[in-house]
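Could you have a look at this structure, given as C-alpha cells, before my questions?
The chains carry the letters A, B and C, assigned in the order they are written, with residues numbered from 1 in each.
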Amino acid sequence: MNEALSLLSFGPTGWGDEIASGVWVTVSLAASTLPFGLALGFLVALAKTSEDAYLRAGANIYTTLFRGLPELLTLFLIYYGGQIALSAFTQRLFGQPTEVNGFVAGLFALSLVFSSYASEVFLSAFRGIPAGQYEGAQALGLNRIKTMRLVILPQLVRLALPGLSNLWLILLKDTALVSVIGLSDILRNTNVAVGNTKEPFLFFFVACMIYLVLSMVSSIAFGFISGWAERGQETRA
Amino acid sequence: MRMLKTVALAATVLATLVGGAVAQDITKVRIGTEGAYPPFNFQDANGELKGFDVDIAKALCAEMKVECEFVVQDWDGIIPALLAGKFDAIIASMSINEERKKSVAFTNKYYNTPPAVAVPKDSPVTGITAEDLKDLAVGAQSSTTHSTYAEQYLTQSDVKLYPTADEYKLDLENGRLDAVVDDVVVLSDWVESEAGACCKIVGTITPVQEIHGEGAGIALRKEDTALQEKFNAAIEAIRQNGTYETINKQYFDFDVYGG
Amino acid sequence: MTAAAAFIPASPPPAAARRRLGGARIAGLGILALWTLLGVAILWLLVAGYDGEMIARYLPRILDGVLTTLQLVGLSLVIGAALSIPVAAGRLSANPAIGAVTFAYSYFFRGTPLLAQTFLVYYGAGQFVGFFREIGLWWFFRDAFNCAVLTFALNTAAYQAEILAGAIRSVPRGQWQAAQSLALPRGVTLARIIVPQALITALRPYGNEVVLMIKGSAIASIITVLDLMGQTRYAFSKTYDLQVYLWAAILYLAMVEILRRVWDVLERRLTRHLQRTD
C-alpha cells in the first residue's frame, strides 16, 4: 500500500504530478472541443431541418460519415492526413510547413464526431418543439432570427440537455484515444508510468478512477445546469 | 477596403506564426524522438527526456550552434511526422536501411550495435536461429528493423508486434511472449536492471545488411541537404573532440560506435 | 356530394411556388459541392496512388482483418448479451445490495474509456500471471484476442443491461397489473408479456450499441490484435501510405451502413403490427 502511494505521489520519483498534468490535458481538450462541437452540431441540425433537399443531403452525408467511422480512425486520418495536406498547403503559401500537433488534431477529430452526434440530439429537440411555437412567434411579428433566439432556443436547450450531457460524458472518454497519437493525456501518462514501474494494474485502475471522478463531477454540474434550464417549468405545474 | 486590410493583417500574423518564412540560415532544429527506448531515449518520472540519443542530440546541436527543441512522437508515426514537417530530424536510434532510404535521408551513423534475442530466465530456448524459435511467440517493436527481421527470418514463429518496447517487455515478463528481438544494448540494459530481472539474453544476431543496415543514423527529409551536411560535420566533430566518448562512457562500458 | 360542395365550386390548386435560389439552396449546393470535391480527391488519391504490389501485399491482410473484427464484435456482443441479463435483473431488483453492486458495475464500465479498460484487462492480467496460472486460466489471458473479447463483452454487457432495464421499465405498469389480474405467474408475465414489448423499445438502442461496438473494436489493434484497424496500422507502418487508412475507412463505413440497413428492415418487420396503414 505504501509503495503504491509513493508511486502515485507528486515529485521526482512519483507519477502523481504527471498524471495530474494528464488530467489537465484531458479536461482542456474536452472543454475546448465542446464549443466547436456544439456550434457545428447546431448548424448541421439546422441544415437537416431545412426544407431544401440538397442541404439535408449534405448534412446527412456528414453525420453518416462521422458516426460511421471509428473515432480512432477519424483521429488517425486527421492527424496524418490533415498534417500532410496542411503542410503541403502552407509550404506552397509560406515556404514552410506548419505543424498539426496532437492537441489540434484531437480537437478537430473529436469536434467532428461530437457534432455529428450532437446534430441528432438537436434534431430531435427541434422536433419536440410544437409548430404552434413558430406560428405564435410569427403572429407576434418576430422575424426568423428573433424567433430562433427568443422562442425556440430557450426551449431547445431544455430539450437537448439530457442528450448533450450524455455526449459530453462520451467526449470525456473519447479523449483517451489521443493518447495513441502521443498527446500526454491521462492515459498516455499512465502508460509512461507503467513502462517505468511495471505496475499496469495499479496505474490503469487509477486512470479509470480519474475518468469516473470526472464524469461524476460532470453529472453534478449538469444537474445544476438542467435545474437552471428547467427554471420556467416549475411554475407551470 | 477594411476587409482587405483585415485579410492582409491575418496573413501577416499567420506568416509570423508559421515562422520566419524565408530565413534560410538554420538557427533552430526540431528533433523528433520516441522517448520509450531506454537507454537510448526515455522519459523519467519528471517527464524529462533522457538517454544516449538525447545527449548526443544536445551535443550535436551545441556543435552546430543551433537551438534544439525536442518533440516526442510515437514510433509508428515518426517518419510520417518528419515528412509532414512536424520536426526536422529524427534522433531516435533509427537504423539506416534501404527500405527507409526510399522515404527519408540519413546522416552517417552515430552508433552501431547488433540485434539480440532475450528470453525468460527459465526458458528452454538456447539459440537464436529460426529453428530454435520455431512455434514460439516472438515479440518485437513494430516498424523496426527487428520486426522486419522477425517476419522475414523467423517465419515459423508467431511474431507479435508492439507499439513500444515497454509493452513487449511486459508481455515477455508475464509469459505471453517466449522471446523478443531488439537491439542488444536495449535488451542488456533491461535484463541487467531490476525491472528486467525475469529475463536473459540468449545471443546476438548477426546483422543482415539489407535489413539492419549500417547502424543508427539521424533521419532527415530528403530535401534538407544543408542540414544533413551540418549534422554529418557535427558527428565527425564530436567524435574527434572527445564529446562522444564522454557521453558514451556515461551510458556504456564499451564503444557503441561500432566498427 | 354535400351541399357545400355543390354551392362552392372546387377551386384549382394554387400555382406551385416559384423555386427561388434562396440561401438554403446555395448553402446546400455549396456543401454538396464540397463533398463531391472531397470524394473526387479521395478517388484521385486512390487512383493516382494505385500500387499493384501494395494491394497484392496488404489487401489480403486487411480483408483478413475484417474477418477478425467481425469475430471480435460478434463474440463480444453475444457474450455481452448473455451477461447483460443478470445485470439488468440486478438493476431492476428491489434488493438494495444487488442494486448497488450492479449499478457500480454498470457505472464503471460506462464511465471509463474502453481503451483504459482494455489496458487494465490486458496488462493488468499480465501482472498477475502467477495467480492466473494457478487457477488454470492463463491460457485464456495469454491471448490478446481473448482479452479484447472479454473487455468488450464486459463493456457492452453494461450498456446492454441499461438498455434492457430501461426498456422493461418503459412497459406501462398496467401490463403487469393486467397479467396479475389474469393470475399469470411472474415468470410467464415477464417472458410472454413484458419482455416482448420491451424488446421492441430496445431495438433501436440495441442497433446503436452494435454500431458502437464495431467502431469501438478498433481499439483492439492497440493490444496487438490484428483486426481491421490492426492490419491497417501494420500496412501503414510499412508503407507510410495514407491510402490504407482510406481503405479501412471505406470498409468500416460499409460494415456500419450494411448493419444499419439490415437493422432498419428488421425493425420494420418486427413492428409491422404497430404501423398504421391508412
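Keep this in mind: a contact is a pair of C-beta atoms (placed from the backbone, for glycine too) under 8 Å apart; a residue touches a chain by one contact, two chains touch by 3 or more.
Computed from a predicted structure; not experimentally measured.
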item	value
Chain-level touch network, classified as line, ring, star, complete or other	complete
Chain occupying the middle, per Cα centroid	A
Result of counting contacting C-beta pairs for A-C and B-C, higher pair	A-C
Distance between chain centroids, defined by C-alpha means - subunit A, subunit B (Å)	35
Computed distance of Cα centres, subunit C from subunit B, in Å	39
Centre-of-Cα separation between subunit C and subunit A, whole angstrom	19
Multi-partner residues of subunit A (at least 2 other chains)	80, 84, 180, 191, 194, 198, 200
Per-residue overlap in subunit C, given as positions that touch at least 2 other chains	123, 126-127, 222, 236
Of all residues in subunit B, the ones touching two or more other chains	80, 83, 167, 170, 173
Complex interface listing, subunit A residues touching subunit B	12-15, 17-18, 21, 79-80, 83-84, 87, 90-91, 94-101, 180-182, 184, 189, 191-196, 198, 200
Partner subunit C, residues of subunit B touching it in the complex	76, 79-80, 83, 103, 142-143, 160-163, 167, 170-171, 173-176
Residues of subunit B that touch subunit A when the two form their complex	14-15, 18-19, 21-22, 35-36, 43-47, 72-74, 77, 80-81, 83-87, 164, 166-167, 169-170, 173, 195
For the subunit A and subunit C complex, residues of the former touching the latter	47, 50-59, 61-62, 64-65, 67-73, 76-77, 80-81, 84, 169, 173-177, 179-180, 187, 191, 194, 198-201, 204-205, 207-208, 211-212, 215-216
Residues of subunit C touching subunit B in the complex	123, 125-127, 129, 138, 142-144, 222, 224, 233-234, 236-238, 240
